[in-house]
Amino acid sequence: MKIQKQQVLESNKSSLKSHEENFDFLANKLSKNGHDVKSIVSKLSDFQVAIPSWALGAGGTRFGRFSFYGEPSTLEQKIEDIGVIHSLTQTAGAVSLHIPWDIPSDYAAIKEKADALNIKFDAVNSNTFQDQPDAAETYKYGSLSNLDKAVREQAIQHNIDVINIGDKLGSKALTVWLADGSCFPGQNNFQTAFQNTQDSLIDIYKALPDDWKMLVEYKPYEPNFYSTVIQDWGASLMLANGCGDKAYTLVDLGHHLPNSNIEQIVSILQLKGKLGGFHFNDSKYGDDDLTVGSIKPYALFLIFNELVYGMQNNPQNPDLAWMIDASHNVKDPLEDLIQSLEAIQEAYAKALLVDQNALKEAQLAHDVVKCQEILQGAYRTDVRPLIEKARLNAGGVINPISAYRSLDVRGQLIKERGKNTVATGL
Amino acid sequence: MKIQKQQVLESNKSSLKSHEENFDFLANKLSKNGHDVKSIVSKLSDFQVAIPSWALGAGGTRFGRFSFYGEPSTLEQKIEDIGVIHSLTQTAGAVSLHIPWDIPSDYAAIKEKADALNIKFDAVNSNTFQDQPDAAETYKYGSLSNLDKAVREQAIQHNIDVINIGDKLGSKALTVWLADGSCFPGQNNFQTAFQNTQDSLIDIYKALPDDWKMLVEYKPYEPNFYSTVIQDWGASLMLANGCGDKAYTLVDLGHHLPNSNIEQIVSILQLKGKLGGFHFNDSKYGDDDLTVGSIKPYALFLIFNELVYGMQNNPQNPDLAWMIDASHNVKDPLEDLIQSLEAIQEAYAKALLVDQNALKEAQLAHDVVKCQEILQGAYRTDVRPLIEKARLNAGGVINPISAYRSLDVRGQLIKERGKNTVATGL
Amino acid sequence: MKIQKQQVLESNKSSLKSHEENFDFLANKLSKNGHDVKSIVSKLSDFQVAIPSWALGAGGTRFGRFSFYGEPSTLEQKIEDIGVIHSLTQTAGAVSLHIPWDIPSDYAAIKEKADALNIKFDAVNSNTFQDQPDAAETYKYGSLSNLDKAVREQAIQHNIDVINIGDKLGSKALTVWLADGSCFPGQNNFQTAFQNTQDSLIDIYKALPDDWKMLVEYKPYEPNFYSTVIQDWGASLMLANGCGDKAYTLVDLGHHLPNSNIEQIVSILQLKGKLGGFHFNDSKYGDDDLTVGSIKPYALFLIFNELVYGMQNNPQNPDLAWMIDASHNVKDPLEDLIQSLEAIQEAYAKALLVDQNALKEAQLAHDVVKCQEILQGAYRTDVRPLIEKARLNAGGVINPISAYRSLDVRGQLIKERGKNTVATGL
Amino acid sequence: MKIQKQQVLESNKSSLKSHEENFDFLANKLSKNGHDVKSIVSKLSDFQVAIPSWALGAGGTRFGRFSFYGEPSTLEQKIEDIGVIHSLTQTAGAVSLHIPWDIPSDYAAIKEKADALNIKFDAVNSNTFQDQPDAAETYKYGSLSNLDKAVREQAIQHNIDVINIGDKLGSKALTVWLADGSCFPGQNNFQTAFQNTQDSLIDIYKALPDDWKMLVEYKPYEPNFYSTVIQDWGASLMLANGCGDKAYTLVDLGHHLPNSNIEQIVSILQLKGKLGGFHFNDSKYGDDDLTVGSIKPYALFLIFNELVYGMQNNPQNPDLAWMIDASHNVKDPLEDLIQSLEAIQEAYAKALLVDQNALKEAQLAHDVVKCQEILQGAYRTDVRPLIEKARLNAGGVINPISAYRSLDVRGQLIKERGKNTVATGL
């Protein structure tokens, strides 16, 4: 299924007048307060977030999975699904592949399809947390950190394969999420596991094309429940530094211990020029992988406040790879992703409204009350008209969820694909 | 110091036009969507939150305290401070006393002063977590739960004294926060401590006037770091039920283990008709006692969504005692309280915007996406014009922090009281 | 496979002398300190823990599962596996079935098999967290709490079916673990969900035979990540009380928020006569379902200290249903269970060594240091000789893990069943 | 008060025979299993832990403090108290001073007193989390990280003063615990605060004598409740690396987010040669500062397992500065410290019993069950006879708590000092 330009225009008709009233009123008010509304809208239009190929079907838990209808069962269909989201929102212009779930059979055809939908190939993801049917070695006791050299070599080679696949598609980054760790005290020698991981990463790093990045993800627990080799940003940064200048830390919002101050981590990594990527989701208890902004939208805003600060003040830090990494257990995956994209744009828009000069002044004066007023002033602003305008300018719809429903996208997908398809992967 | 009517009018002059534009635009939009704006504003005006007498001076931690200037050093001055806040915000029309820190020397004079400032006496608080200079028994090893009968009797009598003091001032509720517990395994017999607490509470309950309530607070830890006798809502409810119909559970936002779903607790207690009071603050790590809404404003909104639902659907539950219970370590306490009051009103206003009928329908249809759209739709609305209008209608100022500063309240207080006063209490 | 008496005797030969030396030395020391060693050993021999039928195969996470060899694929084989564990340890004399995974095809044959291995049928477990292939209704949005009456009725009927199956086998309890909840704010109406759950439980309760118990489990999160209907002991107890005298709360060690004081919960429930069952496991982060005692053995001891106290002082509380509820992701499931059983016996033995009279005295004297000395004195004792003796007396082996390995049980099972069998269920 | 040699001998008389029986039995068993008991006992004797000068009086919380009797009120008396503990336990042969609470008036006299009691001066601690009466600048909004240069300079100079004081006493390390951070979003610019801290630390580092170390402590929260500049080991290590080879990370057990795997942090820091010091205490909820080993003794053992591994395998890591950092709210501080020392020795002794070769082999074989058996085998051993022997060999008592009580130390101290003295400091 493909959304037509005409459908977009049709969808916007009924709400255009109301949008314009709201936008004009807000823009006028913001301009009076010294904001460059045009520039803000333009930044919002430019902001693109990758959709991972595994997020287009229903997710589940260890207790089971309730499947959804009309799920994509091929890479082509996954890209079509992203195309639908991108046509509506104009913010999902990239896909992040997971190997071996998404190995293209025809590279040229896949690239053509993605090009036609204006979708780029962002970071590629390797998988050494599951055994593949034909694998010689098992990852049950670790992969890049394994005491067994043969296992490490298989895992290293897999990552190199992933780089090669990504290279053919135009990707420029490899994301390594290493699930390795231990379930019980004594199972792992922490030092050996860490050293092996460092050595394995260096071997992978050597295979990295010059214009590529390696993004090292961290996570405190799950699927291992006693220790994880790359347990926090400190470990990730140490390993990235051990590889070289093209290796960076990747932050996933859900991969932190309770009560972590994530915005500070993000900020310090940018100061050091070592924040390479960011995975969006939300959570209340652990790595719950819920819709972005559904649980702690203010924390998301505070993180974006640091990201915006970094983009403006840290030339030493590269452009970031943005991706949504959520699991869709009870919602239509495409609607879930649309809600996530809106929450991201909202947090970004509000962060762009923070008056950085006034904030700096208040900080210098130790005026804590004023600092809070400045942040909350931006946060309390209803920025939906700005986001609508950014979408409109880029050729998207004013209200993506409404449009998705009135166009009956899911109904069409079920008609095309049948009810009981299952997305590959998890 | 006392804010004059004229000062309020003066303060509103410059921002009145802008407020009216914003309010009209918002009210118009909300009315179109079926909201009864007048009723919402009226509810906001009616909502009153008690200020505890101990929150008017600087707070601290076990590592020390940085004092603030012009703090009130008598009960009269504390009530004057609340008078200032109430004049500006029109939402702080009550004081919550802490005994023995606030025993009036002249009841009639204190009542008169409070009446003149339109301030009521809300729940009174007892203190059995500290020893008083002249006390016969020590609370080092517990008070109402102590194995030693003499200690329990002293603590019971103290609570009865508190009731009597409150009675003379027009209070209608006693709040019991029991710090009792243990720092080490084995120190306490859990069952005996619980049974003693139940018996002590029953003795206090017997002294309760007919039109009074007893509010039983819970907290998982601090100042005891292994166990707390009333550790959660389950324990509090059990004890309240053991006392009788006038005993209720009191929820303090900061008194929960990490990641607790507090809105569900609030909801179930209302269903059972047993939620008696609510203490506002915010926190990231433990009982941090930060400004309301400064860390997790969406969680506060979700809680208010349940409170509003309960006020509309649970006649079995009584009116609640609302209070701010925060510690002001780095801000001017009065400004801190004003920011808290605004955050409370904001959450309340947004909860009043939730379309309960549409939500119910979406729930029946298992339309999870729509449910979220409804809640977020309300939350994303910029409700500041509604709050300003509510304050204006009640005789307050449009922007309390600005007014507080332009009137140089703190400067006046320092002039009147001197720099190095210290608020009684903690 | 079945362990023969002769194999047990053979296995004990080599370590018997060393065991006797150790036991004599310890028993002598303990007797001198006033302990009744014979009685302690006898209590250890009597203590029996149920093995759930789903714990005999490899477990996994939402990221996948690494299977193990020789797993049981029928109910008969599962019971045989428990028979192996019980022959060696003499503490696993019960099985807890999960319906629909374990519906017997021939009741008489299954009972006979279990009888022959000296295994009883403990509490039966219902499953309304997954859809069955032929189910008319889906549990995707809840079961007993669902807004849809047809779904609730299906779930109620399933629980009644489970009771009937259990009844034919001699079970005397139904365990209800209700996964119902919501993943997003707004998805559920907390009050309606709670009320529906109460009504559904009452309907199930009505079908309960007179000599049965209903055990209501609670859990704060997972598989739902925003709210869970029965989120804590307070909610569970409220629902149990709403059903009647035969309904009790069941505590699972892993089902608590971070830092919960579980021993206090256990203690207060016993005081009220409402603790019905206990599920053992261990965890560091969430409901990790690790081997019992592998992470926090002292916490397990403190819990046992309360359980022993309750068994001795709370006649109002019934005998408990004990069960291991762990997931075996990286160990041989049978070895994992054996390690769990040993950890349970160890904690129980140490709790039996606590001098309750001395502890009471020290508590009365507020001698916190002494209280700790008493608990730690018991905990620091090496009680392995007592456990070995208890096993020997009952006909088991001195060292179950060694015996399991030297008898090459797993090798036998693979020979019998083949390598790539998969246990039914999760 | 000073414990006499004769008193020690007297104290040991009654329990000597029983100790010898227990020790011989255990030593014999351990030797059979290949352990070098003599070497273990000797290592235990050599292990010395510093007592901080502020831990000799009663601690408290922000809710108040219950004082204790006979507290030391001068530095001399504090050292005498440590002398008492050291005479009994022979493991507290060092004091860690806190400036400005412990500035000696007569250096020679203090050194002489400490020498006579066989007490060394370990790391000295600076204090920039409180304002001193005569200070020109306030630390209310930070010290080494403050935006105000004058404040930073005052804090830097204070640290240099502390080095100079320590130098005169023979200390060889400065511990910097930096409480700086923020209570509210926006209050701090994370990057500026971090950069300022780095610059300030470099200035302090320059004043460090050649044979000194700088130990950089980290802590996630408290007394600041939104952000802390040095929030975790990653930040500490980054700052230490920014200073130079003599700067190290210091780990305090209580300074971690819930569920942190501390042993892994300790292990990786040793691998990198950057673990400089360790502060012992225990906790259930936050930085509770409870008696060592009173809540999670197994976690302490696992940490010691890594420390022992590091001491044996990481020559790149220096000798560590060991210190107890607990708060004594409900126990006699001296008894509390004795219990902590015993718990430390117990964990150390058990870690020394871990068969590192067998563990390595089991790890290589991915025999997770065996790995656990090895660790638990060591942990379950009752090592009290080894600790008693180590104390005896060094001239201490068999049972320090008993001896302390039978010698009526506290009674003596009250007689000497009076009841209502208050220890300086917190």
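Lettered A, B, C and D in written order, each chain numbered from 1.
The working rule: contacts are C-beta pairs under 8 Å (C-beta built on N, C-alpha and C of every residue); 3 or more make two chains touch, one makes a residue touch a chain.
Here's who's who by UniProt: A, B, C, D = Sugar isomerase.
Quick caveat: nothing in here was measured; it's all calculated off a predicted structure.
Participant: Need the graph distance between chain B and chain D over the touch network, please.
Facilitator: So the least number of steps between the two chains is 1.
Participant: Check A-C against C-D and say which one is joined by more contacting C-beta pairs.
Facilitator: If we tally the C-beta pairs in contact for A-C and C-D, the bigger total goes to A-C.
Participant: Distance-wise, how many Å sit between the C-alpha centres of chain A and chain D, to the nearest whole number?
Facilitator: 42
Participant: Please tell me the distance, in whole Å, between the geometric centres of chain C and chain D computed from their C-alpha atoms.
Facilitator: 39
Participant: List, in ascending order, every residue of chain A touching at least 2 other chains.
Facilitator: Chain A, residues with two or more chain partners: 140-141, 183-185, 187, 220-221, 226, 258-259, 261, 284-285, 291, 294-295, 330-331, 368, 372.
Participant: Going by the contact rule at the top, pick out the chain B residues touching chain C in the complex.
Facilitator: 140-141, 147, 182-192, 194-195, 220-221, 226-228, 231-235, 237-238, 257-261, 263-264, 267-268, 270-272, 302, 305-306, 309, 313-314, 359-360, 362-364, 366, 368, 371-372, 374-375
Participant: Give the list of chain C residues in touch with chain A in this complex.
Facilitator: On the chain C side, the touching residues are 59-64, 66, 129-131, 138-141, 179, 183-185, 187, 220-223, 225-226, 258, 283-286, 288, 290-291, 294-295, 327, 329-331, 426.
Participant: Under the definition above, what is the set of chain B residues touching chain A in their complex?
Facilitator: 22, 25, 29, 258-259, 261, 284-285, 291, 293-299, 330-332, 335-336, 339, 346, 368-369, 372-373, 376, 379-382, 384, 401
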